[in-house]
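Sharing a structure, written as structure tokens. Questions coming.
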């Protein structure tokens, strides 16, 4: 169960409007790696967590914080949309190329659909969707995903930071960058904790019996493209990070099975028969 | 540029048909974490890689291998779809509950749309889409994603392994499990290599200047849900994995800004005014 | 069964081309609340209507009219797309900021994909989809949806009216505004009629037995966010609109169940166990 | 900003597992009219609300409550997924048709993707998406949508209530039915309040000047399908609900414009020329 | 502008209910090659047609007929959904495996969302979307698409014909098969007519000047996979169907450009630099 | 199984950057008729082909070539994205309308999401999806689709050719135009070959018994829209292209069945009853 306070976690007020930047900021609201993704991902992971205690609490804490990040970006976008020109004519009226760029680079749905408010979409107006999140039930697989979610998210915020001069916008992004620093570290620490607690190891899922996989192929790098520059990396020789194998390098890919010959299909399906 | 040989990397032949399992196997073909995802993700990462040499070669090698995995699963699905009952009546004809389960648990589009062949969709028939992949241009952010892609993928293959008794199917899954073991190790090794080569560090992007983020919030865990069990993990105290900070635990979340009051909108947008 | 006449219900001819406005006008063609939505929604509701007579006829009448609205907007968009600059160079040639705004604010698919014609997409180029419509089989639930469809639609048309100076465009929008006025009134009248005919009442579905719901919670407003300003509305005290209850205000949300503790999952699914 | 308590608003515990029902229950979690929709819709409406005070508070209160409904249904689904057969063979083992129906009627991704947990998808496994919600900035248009969201939602819950005998499931549904009763009443009361406060009237948007629409068509029912049964409803004669007009009935649709003749397109687009 | 008569073009009444077949029949209603696709595709092609006369009339005639096909399939699906078991328990009650197959093989949204009516979705419940249709403005490109739309559609109807024994269902399918025969022939005839009228030729677009393409590659088959069986077809030697060239066979693919070396990116985007 | 060489099939290097054109070029990479579509379509058709020999080899050859086209366009887009202005301010700095048009006409995700690289999306940023491809198992139905895929694709490339002056871009497009010429001819030749080999004929599927369709309607053009201009085409009289019938023209559409009257639904679904 949730409760809401109306104050924001951090200030979200631009110094001036900029509808084109509002469109861009949507990427970290409703894009694949935006705040809606991390909020929902951590909450679903928490709700699916079959382990009571610190991990479940961690997931629900951070998921709940991210809901507040969704909220801050919504407030920022609503404010950035103020005072926008509504037509080409209006944008072009005083021969100011910045106004025409703002008009043309904005998201028309910000005005026609939401009347000057945020939308649950990315920077191209494509709706957020549930396939953006994963809660697999395996905490190590999911914490690895959470690391990258925060890395991709911080990368996008850093790029957005370089796309604006507005001090108020930059101030909010500074806060989000710091939280993403924390969250990258946090998920890395959580991975260490999982291993320390003996709950999971690489490769995921650790509990799957080694004897059941084709071990001959489990530590072998196979070269499928011209040139052997890929032989020069740590992935091609030496001990594997899971501590269980030794990398080898197969310079030429081998096919272990012949061409698959399919039998004729059911004639009632009217495929072209052999 | 690619070339194709018709032999398969590994055998993909079930001992018998099973259309319901064919539907399930689609998850690792056209689902979010399936072979189409890793193939396209690694190739796009390779094509976008602005660093010539071992990393680019690595990405193109593995992406090309994954195209061959797409192919093997396609062959397996085509064969699993043979001899399926086409109607309730046919399935129920000899009072064999397995046949009705196979009929009802199968994907109707496997027969109506593709005439007994694989589809670029997941286990519910939802099409694969481009938003499943990311090639951000930042190799560390992307290698972290690749680790989880292989972890989620291996987890799904392990689950599928437990959903069938067919020796031929299990044999292909054993091979895929081994390759996913390799690929998890490989991306972890690639992350180490990136750090050794001095190209990137956590938190991503490392090059973003520390002074530009709100450092006060960069190593602070904030408790947003009832209970303080989250204080018990490594993420709440001690040195942070990036080696640059010390975790702290804020037991009660603080709001640093007041309630956002939005100005009236443009009356031409006909929103309800304050 | 349908028949078509080539004349339009109303004139759809702009005084001049404007490809950027054409992109915006797509919102009321292929957007969530556009003409494709209402046309298909009313037709599916009519085809699913199990009640012969005036309601079914109403739905099919209006759905058929809306098909003609789709047609008019298609004609308008095709004409607005004429004479557009095809490249940055062309747009910038005579240093006219309006031309660059039109170029940049237009939908590239209008030229590359449809060669200067309308598309079944919204103002960002996202395709219309079947999930935009609902035909639930319950006429009151659906008429309520139809009221809002016409209200959202008229709101969008009114906003578009304020985004252009073209007399021909404005003339078509004037007609659509009038029809949306009619259709809002019509669905409200249809709701009254349904109630008069004794077919359905609020809350939907009326036939679900009151005794089967937890009546203690059926007229209670619960305060989940800081502040009690929500206590000041008609929803917090006094008789409920359905005439069956009295609103109450619960100032503090109560949890009626403890924390959900999930049992361990099936080990064959390799989730992290408790 | 949000905070979370781990207790549930209401109990969400089935008496026994039922993976096929779990799939069905997804409709009111991640379907178009499910809890994710109302939670996000009310929150976005609240965050976009430019009117401080009771309306904004109302939206944030109810949106926050709905987040707790998402959570309860997630808990219920996780529990319903326990003990499911993982394969046709297992389902068919003891010749119990209920087990095969549960196997075949379940969502395979519940096991392969989420390992026995809820997913942000509908009853067919199609992901929730942002286009399901609207926050238009016009409170009357949106409150009308909210009425139907609660009506469609309650209708679906009532149907689900008739699809199970499990006492624990039914108990949660009884609670949700009651809240949907409250919420239908609440949005209807909010509509009355908006009108009393003089903020908006039908037709939406009221502020759009009547003189700007083609008033001749604003209260006219037009018959577009064979038969005149639609003349028998309140929408065809008598005063209109907005109090501003008198309905009329046009028995034969008129075309007010000729066939649209399109000019040749730009030859560089290679369309077929006239 | 359209008008509607309530009679159906052909009878659409099953001899008995079959909810599992109703789900399957959705493929030709709301699937990629279903009636919604052809109806919308031909209408959009007609509305975009810049050529007055027989082609435009042809497109609007057939598009309008297809709207009536949508309607017939909707009626059929509504009737097939009658009398369905609503739960596993009900389906399994009398130990009839056909009932459990019908329960499990049905689309749950047919009951929960539409209350026993058709949906604008495919056989897996994935919504129809606007990207299914193309109206390119080039009639030859589009008529080629229309040929395949009718071929794919007839193929699916033929498969469905083999999936049911219901005489009423089969009767409707017999009609649809005949219309698809007509429509395949019709679009082939329309292609001939276009050529006779001198409006377009292969390759599309004919008006693009031959001198502007790299003619060296315009009639050359290139072998990209092992084996030279592809040399045995008419596409590898002899005159080309457009009458302008002679096919040749290149047994080994050649790369005409070196490895693409990308320059470093903008450092403000924080990609990994070369 | 595939292998990759790093050289490109043809040069893909623009003379200068142009981010707005990069967005447009995405249409033929990740749009409905782009290279991802043809590559995946031909490969899936090849993998599903139950006929060993020249047809299967043809499909795999061309599908593999198209993977190399995906790669070339990716290289071109990455290069076109260089040196782009990252903000309105930067674009407007030197009062150059071309720079503002490039800024506003570009895809923001090219910078925020992919850091200056290609994306698997169309020219509006909508992701490529699996529903764009079809592999039906019937070679004639699919070859017809392949003809139009190459025709639509070449049409789009020809339009793009007219949207740029960059010699390097034009050079790549010249190559793609030539390959599309070849591929249109090739699929037409493959259709002839299929017929010569006696494998399939029009109408598809030929093997469906003529006696099972309602032959009365199999060669009849029905006029559903006002005017009889459609009577003037070859589709309205004379022999049909399949050589089996004679076209006739029905000037007035006939309804062969009465209005469909639906029975009351299951009361447990709470639809409005008749």
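Which chain is which? They are A, B, C, D, E and F, in the order written, and residues in each are numbered from 1.
The rule is short, and it goes like this: a residue touches a chain if its C-beta (ideal position, glycine included) is under 8 Å from a C-beta of that chain, and two chains touch if they have at least 3 such contacts.
Treat the numbers as computed from the prediction; the structure is a model and nothing was measured.
Two chain pairs, B-F and A-E, are weighed by contacting C-beta pairs, with B-F ahead. Comparing A-F with the candidates B-C, A-C or A-D, the pair whose contacts agree for more than half of the residue-numbered pairs is A-C.
Ranked by how far their CA centres sit from the centre of chain B, the chains are topped by C. Where chain D touches chain F, the two copies mostly use the same residue numbers: shared numbers make up over half of all numbers in play.
In this assembly, the C-alpha centroid of chain D lies 30 Å from the C-alpha centroid of chain E. Chain centres here are Cα averages; for chain C and chain D they lie 11 Å apart. The residues of chain C that reach two or more other chains are 1-9, 32-33, 48, 50, 55, 57, 60-61, 64, 68, 75, 78, 86, 96-97, 100-101, 103-105, 111, 113, 115-117, 121, 124-127, 129, 131, 134, 136-138, 140, 155, 158-159, 162, 205, 208, 224-225, 227, 253, 255, 259, 262-263, 265, 268-271, listed in rising order. Chain contacts here are complete: no pair of chains fails to touch. Considering their complex, residues 1-7, 48-52, 55, 86-89, 91-92, 95-97, 100-101, 103-105, 107-109, 111-113, 115, 121, 124-127, 136-140, 194, 199-200, 205, 207-208 of chain A touch chain C.
Here chain C touches chain B in the complex through residues 155, 158-159, 162, 268-270, going by the rule given at the top. Touching chain D in their complex are the following residues of chain A: 1-9, 30, 36, 40, 43-44, 47-48, 50, 57, 60-61, 63-64, 67-68, 70-71, 74-75, 78, 113-121, 127-131, 133-138. Of all the residues in chain D, the ones that touch chain E in their complex are 18, 20-21, 23-24, 27-28, 31-33, 97-98, 100-105, 122-126, 155-156, 159-160, 162-165, 224-227, 253, 255, 259, 261-265, 267, 269-274.
By the touch criterion given at the top, residues 5-13, 32-33, 53-58, 60-62, 64-65, 68, 75, 78-79, 82-84, 86, 111, 115-117, 126, 129, 131-132, 134, 136, 138, 140-142, 144-145, 147-148, 150-152, 154-155, 158, 161, 174-175, 177-182, 184-190, 192-193, 196, 202-205, 208, 212-225, 227-235, 240-242, 245, 247, 253-260, 262-263, 265-266, 268-271 of chain B touch chain A in their complex.
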